[in-house]
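Per-chain numbering from 1; labels A, B, C and D assigned in written order.
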Amino acid sequence: MTLQHYLVISAILFSLGIFAVLTRKNAISILMGIELILNSCNLNFVAFSRFVSIPVDPENIDGQIIAIFGIVLAAAEAAVFLAIILAIYREFGSIRPDEVDTLKG
Amino acid sequence: MEELSLKTFIFYGFALITIASAFAVVSVRNIVHAAFALMVTLFGVAGLYVFLQADFLAATQVIVYVGGILVLILFGVMMTSGRLEMRIHIQRGQLLLGGGISLALLMLLLTVIANTPKWENLTDDGLTLKPTTERIGKLILEDKFLLPFEVASVLLLVALIGAALISRKEIRD
Amino acid sequence: MLLSLMIFVPLLGMIVVLLLPRESEELIKRVTLLFTLIPLVLAVYLFISYVRSAETQFDVNINWIETFNIKYHVGIDGLSVTLLLLTALLGPICVLASWRNIEKGIKAYMALFLLLETGMLGFFAALDLFLFFVFFELTLLPMYFLIGVWGGPRREYAAIKFFLYTLFGSVLMLVALIAVYLKSGDPGARTFDIPTLIELASTPGHALADRNFQIWVFLGFFIGFAVKVPIFPFHTWLPDAHVEAPTAISVILAGVLLKMGTYGLVRINMDMFPEGMAYFTNGKDLMGNSLAILGFVNIVYGSFCALAQTDFKKLVAYSSIGHMGFVILGLAAGNEMGLTGAILQMFNHGVISAMLFLLVGVLYDRAHHREINGFGGLGNRMPVYTGITTLAFMASLGLPGLSGFIGEAFSLVGAFDRFPLLTILSTIGIVVGAAYFLWTLQRVFLGTLNPKYEELPEINGREILTLVPLGILVIVLGIWPDFAIDMFSESVVNLSTKISGILGPQAGL
Amino acid sequence: MVVPLISIILLSPLVAFAIFALSGLAKRSFPRQDLLSTAAMLIALVCSFFLLRDVVPDPEPLAVDWVSIGEITISMGFYLDSVTVIMLIVVTLVSSLVHIFSIGYMHGDPRYPRFFAYLSLFSFSMLFLVVSDNLLGIYIGWELVGLCSYLLIGFWFEKDSAANACKKAFLTTRVGDIGMFIGMMMLFKKFNTFSLYDGTQDGIFTLAAAQLTTGDMVWLSIAGILIFCGAIGKSAQVPLHTWLPDAMEGPTPVSALIHAATMVAAGVYLTARMFPILTVSSSLVIAYVGGITAIVAATIAIVRFDIKRVLAYSTVSQLGYMMLAIGAGSYVAGLFHLTTHAFFKALLFLGSGSVIHAFHAMHSHSHDEAHADDEAHEHDDHSLVHEHGSEIPPDQDMRNMGGLRRKMPITFITMLIATLSISGVPFVFSGFWSKDKILAGVLGRAMEWNSIHHYILFGIALLAACITAFYMFRLIFMTFFGEPRNQEMHNMAHESPWVMTAPLIILAVLSFPVVNHLWFNKNYVIPPEQHHLAAPQHAYVSPDTKTGDANFGFSFFGVSDAQAADEAGGKNGEKADEAYHIHKRAHDIAMALSIIVAGLGILLSWLFYHRRRFSAESVATTFRPVYNLFWHKYYFDEFYDGVLVALTVWKSRLFARFDLSVIDGIVNGVSTVTRRVFAAFIGFFDNSVVDGIVNRVAEVTWAAGGRIRRIQTGAIQTYLFVVIGGIVLIILIFRAL
């Protein structure tokens, strides 16, 4: 397995995540897209850490730790995101982002 | 074309599962189905972690994502819609534009990956890492990542409290 | 080091004042007083420990901006130590004079005042042309605000006028200054150092010693200083500024700022450009008499204008113009008597006009107007005030035994040697001077008491305290002028030999 | 002993004044300033007498370096010769007596302590002037006495007339002082020193004498005349005499001390001090000024009714006399008359003060109120009698007096003695001797040089002597003889207390020739030599002034003529002998003539004012133009006020307006023009370009805002589209590059 394999997978996941974020009309779907993006990033970190550090220090696992932090971040983010979604839902009765447009100029 | 060993085969399998389920996440109309597809994706990524010899991370991925976040998402779906099956409505123009942009982005990333010589032919063949759990524990708790770790824990705390506060019913008081 | 300490102590004081809370006004005043007393003590020490010679002393010479060879070079000679003493003396007096009559923003006022004091002290001590110019300009800004914010009804007009006038002069001065710098040597060897420049300017064959160059540069500096002095016709900012400025600022304006002009004339124009000076004072033709004519015009014109004033402060302001004319006349003479008289007159005018403005301020604080004809018969109501005013008036009109006389008399005696006719005509100013002061004395203090002022309170202890040191100086210098003359006689002899070496003995108008 | 004594003389009055000034600054007043000042003056008087012993013939000045600048050294110090000592005694004596008199006269005045303090300051200044050895010192004293005169004339400054008078006095004398100052500058330019006598360096006199052989007489003459200008101002000579009569607004003791005995005589003293450098031409100018003053003032005095003004004009006239004497080369005679005049004129003033005191005591205890009240009142009664610049206060108006000799015997007798003295009644009164000496000196010079100028001057002097006798007796007759003209005031009049009469009596004694021996002993006062008279360019035969002036004393108190002649003959041989004979003859003629004119004057006065044989009014009507001329004091004041003062004020207004409109106008104009020109250009630029741009930008922004705001959909996904699309685009662009 080469680095490029992982990078390609990661890139596909990332693009799909972006696609979800851009096109879904449901906040929770958007959240899922974001989770995809985060996963692709974590995958990137771990892959780079693994392959690029081999000539220098094969035992380096810094990328993994960053990925752990990424997961932590994702967890926190998911919690807050859902809380916000709940609040919005109470306020607007909808979680469709295009209906939540009080900032419209 | 390289040799199709078992390991390679399994790797491609995981990759395929991951990508296919991710595609399902963004494409199925039922949000609950999407959530379950996401679960598959997350499993796939965990599998890929195993291939990268990140055992602890793979476990974490399964526990936190599948056990935590995904459940959270499902709760969110239930609490907002009142029913588990919820149709996802997509406009055509938006779909096309979003697809275009995503595709462009993908093409871009792929060209970058293909055209960066430094990243070519980097393999980890024949190298096995020692189990990482212990080292991760040490790195986090007594080495250079102590401070980020503490910050992350505070972040989690804050997120916890914040989420509880925001989602409270009587917010104005 | 002591000298630098003296210059920058008020600046430190300014910082301290700025750190104090706005509400504790008494504390601010006391702190300001303290920070103006320190330079006074230092100035007295310098005055006493100054060794009589023509050399500069207490020099500090360190690099400041090396690219242009600008140095922080300060030092004193007999002339500057005298004026430093005057400045340092007027500092605390002005603070005391501002004790009660500054109604708003006392903190900003005191801070600006301290900044002004640093500028003035630095100016008199600077021995680097650039530093000299920096300090010269440094006095401008606080002065602008002090007049423009705390002044009378037309303060903005007066402040702008003062500012633009002085700036106009400064610009010409700056041009001349740069010209001197560029001519002072090859690139790399150029200097702003005043003693060095003086030496170069008297080295035959050096670019600075060129007669034509000196004449032009002389003119540039002269106009810059002439605005400050002020010399006719650059004087009209003075009455306006004085009338609008608060009392203490008038005191500084007349007591110190005008001296900056004449000090510059001596320090730069005479000492550095003797050839240029000689061109304007050789007495051969119109140009050769021009400086003396300006002095004469200042005396007579200022005196006559003063005679016509009915605003007390304006009268004193015009009298200042007249009295500064004696300085110019004495400088134009360029001989020992004339120079001594001119320098003495600088110091004495500083003391006397300070007294006069303080006295006007005392009256203004009580009656809230300055119209001379609106008073009358105050002599009975305020005998002590009348007594001090009479002393100041007499000193100003040149009564022998008081300091004003010595300066005037020596200037005239010196000038008579070279410009007999102009000097004789200038004596008209003495008579007119006596006339307007006595007339004022009569209109304000003599005659029957104006019933409006039956309850006018007598001058109080604080005000007396501000006037007494000046009064003592007036009397002491009148009786024993050598006390001051001794300080700068060496420098004067040096200068006069330099000038007369070029001029020769011939007389002008 | 000399320096300590002089120091005590100078310092004691100064200390008295300083105590007043310092206590005033502390807003308290020293309890007995009167006694302090008087005591100080008496100390000075005693010390002055001690100094009599220390006089040496040709003394060195006792000087210290005052200012030194390079080569130039200006010294300040004392010069003590016989003239100095005599002046010291005169000043301290008169001053002491005036102090004592004032204790009575000024009693009850609200500013009583201040009066004595001023007197002390004056005494100091006058004494300083007298003892100074150099021109600058004299000038300092000169101006200081002027200040004191100013302060004392304006002592009752509530009166506008007093306030005007003091200002006028100071300014008028200042004009003269400027002349003196210019003269000093000329001498300094020439000789580089202010010292008169030889000390460590040569003084002006020596240097001038050395210069005379090379001869720049014009320079020296001009300098002499200019210095004399100071004396013209201070001694109230024509044309600067007008301040002295006005100065009578001051308290009467002041008039006696300053404006009769001492300060005004300082001019004479100065002229005498400058005697060695007076050239023939400057002497002649001085003599003429003196002569004209003598006659002009005397004629004005005839028609005055204010008792103090009469005395004031009399003083002016007598000062003219002294000037005439010095101008005619009679150095000793001038100074002699100065001393005798000091005593009898002080006496006359104090006597008149006694009369005024007697009168106004009834009005009010406060002087000023009395004056203020009566001024208005006076205006209605005597609208015709309009003294220029001021009304006559009723207590000084001789037309309110008469018959006082019984009411005030001491005042009467003492004033009569003084009047006899000033009128030149022969032999027993000092005034006769001094006046006679002047007349003789002038005539002697005239005969000796055969000079028409001096004959004219002699005639003037005789005429003035006659008029003097006339108006002085007019004063006595109007005041003390006849019937009281104002019964009410007369009833209230009384003799003054002893503190006032005692000084009168002492001065009366001094009006007899008790000090004459000082002047007749030729070894005591030695006239300085006038070297220029020996200079070759003068046609006149030089008389030896030592013998010429000093030797025609009648052997009454002084040395005999014969004795003097012997010495002169022994020293100077034939020429002196010849001069002596001329002067002897001149003296005889002058004495006879002076007795005749004095008698004539007294007789006329008696006929006019006592016997009423002729009516003064009818004479006045007959010679209306002449009377008017005298009455209006030759229109000097009108000329000064109407022309010189008005011109000065007009000029000052002109200058001020010029300053305000032209100079300041130019400045403001430049700023206006700058503003306008720039404004025209910048206004255009501003409106069309800058403002235009601004407005366009605003419009565009406004319009754009209207459109662009639609982009702000409020939908997050729209934004995300843009952001991500943008990123992709940017990367694509950079990749392409």
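By our rule, a residue touches a chain if its C-beta (ideal position, glycine included) is under 8 Å from a C-beta of that chain, and two chains touch if they have at least 3 such contacts.
Remember, predicted model here, so these are calculated numbers, not experimental data.
Closest to the protein's overall CA centre, chain by chain, comes C. Once the centre of each chain is set as its mean CA position, chain A and chain D turn out to be 110 Å apart.
Centre to centre, using the average C-alpha position, chain A and chain C are separated by 77 Å. Centre-to-centre, using mean CA coordinates, chain A is 6 Å away from chain B. The centroid of the Cα atoms in chain B and the matching centroid in chain D are 115 Å apart. For chain D, residues touching at least two other chains, in rising order: 717, 721, 724.
Counting partner chains per residue, chain A shows two or more touched chains at residues 18, 22-23. Residues of chain C found to touch two or more other chains are absent. Chains that are in contact with each other form these pairs: A-B, A-D, B-D, C-D.
Those residues of chain A lying in contact with chain B across their complex are 1-9, 11-20, 22-29, 31-33, 35-36, 39, 42-43, 46-47, 50-52, 54, 58-59, 61-62, 64-65, 67-69, 71-80, 82-87, 89-90, 95-96. Remark: chain D residues 717, 721, 724-725, 728, 731-732, 735 touch chain B in the complex.
Against chain D, in their complex, chain C makes its touches with residues 161, 164-165, 232-233, 235-236, 301, 304-309, 336-337, 340, 377, 379-380, 383-384, 387, 390, 394, 399-401, 405-406, 409, 412-413, 416-417, 420, 423-424, 427-428, 430-432, 434-436, 438-439, 441-442, 445-449, 458, 464, 468, 481-482, 485-486, 489, 492-493, 496. Residues of chain B touching chain D in their complex: 94, 97-98, 101, 104-105, 108, 111. Across the interface of their complex, chain D is touched by residues 18, 21-23, 97-98, 100-105 of chain A.
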